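Chain nomenclature is as follows: A, B, C, D, E and F, assigned in order of appearance, with residue numbering initiated at 1 for each chain independently.
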Amino acid sequence: MATIRLWSDQDAANDPVVAAVFADIRATRRSDFINNIWRGLANDPALLERTWANLKTVMGPDGALDPLTKELIYIAVSTMNSCGYCVHSHTAAARAKGMTDAQHGELLAVISMAAYTNSLATSMQVPVDPEFLQPGQ
Amino acid sequence: MATIRLWSDQDAANDPVVAAVFADIRATRRSDFINNIWRGLANDPALLERTWANLKTVMGPDGALDPLTKELIYIAVSTMNSCGYCVHSHTAAARAKGMTDAQHGELLAVISMAAYTNSLATSMQVPVDPEFLQPGQ
Amino acid sequence: MATIRLWSDQDAANDPVVAAVFADIRATRRSDFINNIWRGLANDPALLERTWANLKTVMGPDGALDPLTKELIYIAVSTMNSCGYCVHSHTAAARAKGMTDAQHGELLAVISMAAYTNSLATSMQVPVDPEFLQPGQ
Amino acid sequence: MATIRLWSDQDAANDPVVAAVFADIRATRRSDFINNIWRGLANDPALLERTWANLKTVMGPDGALDPLTKELIYIAVSTMNSCGYCVHSHTAAARAKGMTDAQHGELLAVISMAAYTNSLATSMQVPVDPEFLQPGQ
Amino acid sequence: MATIRLWSDQDAANDPVVAAVFADIRATRRSDFINNIWRGLANDPALLERTWANLKTVMGPDGALDPLTKELIYIAVSTMNSCGYCVHSHTAAARAKGMTDAQHGELLAVISMAAYTNSLATSMQVPVDPEFLQPGQ
Amino acid sequence: MATIRLWSDQDAANDPVVAAVFADIRATRRSDFINNIWRGLANDPALLERTWANLKTVMGPDGALDPLTKELIYIAVSTMNSCGYCVHSHTAAARAKGMTDAQHGELLAVISMAAYTNSLATSMQVPVDPEFLQPGQ
C-alpha cells in the first residue's frame, strides 16, 4: 500500500529541508511521532514544507475557532472525501484535544444528517431562497 | 429549477401532516419563514415529517456540541457535497446563531486545508499508522 | 481499523436501548447476525435507535418501490460515496433479496454510464434545457 | 454558462458524424428534441458518437433491469455527483417512463438514507464483516 | 474483498468474449499481466468488452494529448473519487510511461491545490465572472 | 448568490494586505482583471494572501509539468468536485494558455472514462494487484 515511498528518519536526515520539517513537527507537537502522511510527502520536500507550514498556521491555537472545533470540522470534511487515513488521524487528534465520546457521537449525528439533507436538496434541485442571499449580491 | 413542485402555504393547509410540520417549523424557529427544502419535501408528507423530526433532534439546543459548532460542521459537509442550497441556508443559519466574519474565515481555512490534505493522503494511498487504531480493534 | 469500539453482544446486554435495537434487528431480519455498523453505532444509543428506525421504515417491504430496487439504488449511492463497507453490505443484501448476476452486471453498467455522463455535463457546464423544468417553477 | 459552444441543428448539418448521431437520437426517442448535453458533445464528434452508442446500449429496453429502474439508478448517481443538469434530465426521463410521485418520493427517501449511513460507516471506518465477502476471495 | 468473483485465465478460456478481450489486452499492452478490474468485469462479458474498447480508444497513443498527460489526468480523477484501486493502477501506469518523481510530486501539488480552491469557491458560492463565459452562451 | 461579500477595488484599497495581493495578481497575470474568488477571499486577508502565494507557486511556469498540463489537471479535479466556478475559470485559463478544441475534447474523454472505471472498481471493490504496490511497502 502507498504509491510512494515512506521516508524513514534516516532518509530524512539526508535532506536538510525534510529534516527541518520533521524537527519542527516534533517540536510543535511535543512528540517524537511523525505520522505517515509526512513520510510520504517527504518525496517532494517543497510540497512537504508548504503543506506543513499551512497546516501549522490553520490548525494552530490562535484564531477565531478553538482547536477542538477545528478538528471536528476536519473530520467532517475527511468523511465526505472518504479519506480513511484522514478520518483515522483526525479522530485521534480530536481525542487528544479532549473530544468526549458524547461529542464524537453528536459529530457523527450532524455529519450524517447533513449528508442526508444535502442529497435531498440536490435531488430536488431546490432553488436558493432569496432570504439566504447576502444583501447587495 | 427544481424537479418537484414547491408547496405554498395554501397547498400545505390541505394536507394535515404537512400543515402540522409547517406549524412546528414555525413554532420551533419562532419565525414565519419556511424555506424551500421543506416546501419541496412536502410532496412526500411522510418523508417531510421524518426529516424534520430528525433535524430538530440533531440540531436542537441540547447535546454535547453547541448549536453554532453544529452549523459549522453542517457547512463543511454541505461544501464537500457541492450542495449550493445547503451552503447558503446553513451559512445564513450560522450567522443567525452568532457566527462572526472571523469565524467564517477560519471555517473556510479549515475546510480548504482538509480538502487539500485529504487529496494528498488519497493520491499517495498512505497506510493508517498503527498509533491511530483503537486499542482492541 | 475503526475509529470507535465495536460492541459485542455482551456489551449490548448492558444497555437497554442498545439491547432493544439489537433484538429488533434480529427479529426484523430473522437472523442472529448483527453487522458491524450497528455494533459501531451502539456507542451512541440514541443515534443507533434513530438510524435503525429510519432504515427499517425506508427499506421495509411497504412502499412504492420493491425491496430489491431499493437495494440497487442503495448500492449506486454507496458506490458514488466510495463507501466500501456499504457497497459490500448492500451487495450482499441485494443478493439475499434475489439479485441475479445479470442484474448486478446491468446495475454496474448503469452506474458507470451515469458517472461518465455526469462528468461530461459538469465539465461542459451544460445549461438545463427549459423542457426539463417543472411547469410553474 | 457552458464552457463549450452548443451546436444548433444547422451546425450539426455540416458534420456528417454529428448529423448521423442527432438523427439516431431522434429516431430512437421518437422525438425531435435534442437536449443540450448532445449539443455540447458535438464539439468532439467521436466523443459524441461513442457516448451515444454506449448510452443507447445501456439504457435501452433490453436487459435484466427494466428501463424505469435504470432511470432511478441514474438519478441516484447524478444526485451523489451533484450534477444538476443530469438530475433534471433523468428525473424528466423517469417521469416520461412512468415514475409516479410516490415512487419519486421513495427514491429520494432511499437516496438520502444511503447518504446518511454511508457517512456513518465512513466516519466510523467500520471493517467489512467477513459474512459479506464473496466465498473464495 | 471484492463483491464479485475474479476470473482466472482458466475461467476466461471458457467464454469466447472474455477470452478475446483478455487476448487483446495482452497484445495491446505487450504483457501477460491482466489486472484485477478486468478479471472482475469478466462477470459481465458485454460490459467487459465495451469498457475495454472504450478505454483502448481513449487512452491510446493517438490523440491531441500524449499518453503520459492522459495518465496524470486519470490519477487526478481517481483521487477525487477516492478510488484506491485506480490510484494504484494508474500511478503504476504513469510510471511505466515515464512519469518522474518530480512530475509525480508536482501532480500531487496541483491536485491538492485544486481541491483546496474548489472547496473555497463552493463554500463562498462565488458567482461565475462574465469574462469566463463562452461568447454566444 | 455568494455567501460572502465580493470586494470591489475600492474596498481592497482600504486594506493593505488585500491591496498588495490584488496588485501582485495583476502584475503576475499582466492583466487588470481580478476574478471573483479573490474578491470573496478578501474577507479574510490572511487566507487570501496564503491562498494566492500557494497558487502562484504551484501553477507558475517553473516545475516538472508545463503550465497547460497543470490547467488540464485542475479542470479534472474541479469537475469531480462539481465546482462550476472552478470549471469555468480554469477552462478559460487553459484556453488562454493554448488549449485547442481537440485537446479539450480529449480531456473530457479522459475525465469521463476515468469516472466510468472508478465507479466500476469501487462497485466491485476490486483488490489492488500486488504488481501495483511499491517495492518495500
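Assorted remarks:
One rule holds in what follows: a residue touches a chain if its C-beta (ideal position, glycine included) is under 8 Å from a C-beta of that chain, and two chains touch if they have at least 3 such contacts.
All values derive from a computational prediction rather than experimental measurement.
Under the contact definition, subunit C and subunit F share the contacting chains A, B, D, E. Rotation angle for the C-alpha superposition of subunit A on subunit E: 120 degrees, rounded in steps of 5. With respect to subunit B, maximal separation of chain centres occurs for E (centres as means of Cα atoms). The pair with more inter-chain C-beta contacts, choosing from A-F and A-D, is A-D. Comparing the residue numbers each copy contributes, subunit D and subunit F share less than half of them at their mutual interface. Separation between the centroids of subunit D and subunit E, computed from CA atoms only, is 20 Å. Between the CA-based centres of subunit C and subunit E the separation comes to 27 Å, rounded to the whole angstrom. Touching two or more other chains at once are residues 1-4, 6, 51, 54, 77, 79-84, 87-88, 91-92, 102, 105-109, 111-120, 122-125, 127-128, 133, 137 of subunit C. Here subunit F touches subunit B in the complex through residues 3-4, 43-44, 46-47, 51, 77, 81-83, 137, going by the rule given at the top.
Considering their complex, residues 1-6, 50, 54, 57, 128, 133-134, 136-137 of subunit C touch subunit B.
Of all residues in subunit D, only 82, 87-88, 91-92, 101-102, 104-106, 108-109, 112, 119, 127 touch subunit B in the complex they form. Those residues of subunit E that touch subunit F in the complex are listed here as 1-4, 6, 33, 35-37, 40-41, 51, 54-55, 58-59, 63-65, 69-70, 72-74, 76-86, 88-92, 100, 102-103, 105-107, 109-111, 113-129, 131-133. Contact residues on subunit B toward subunit E in their complex (touch as defined above): 75, 79-80, 82, 84, 87-88, 91, 107-108, 111-120, 122-125.
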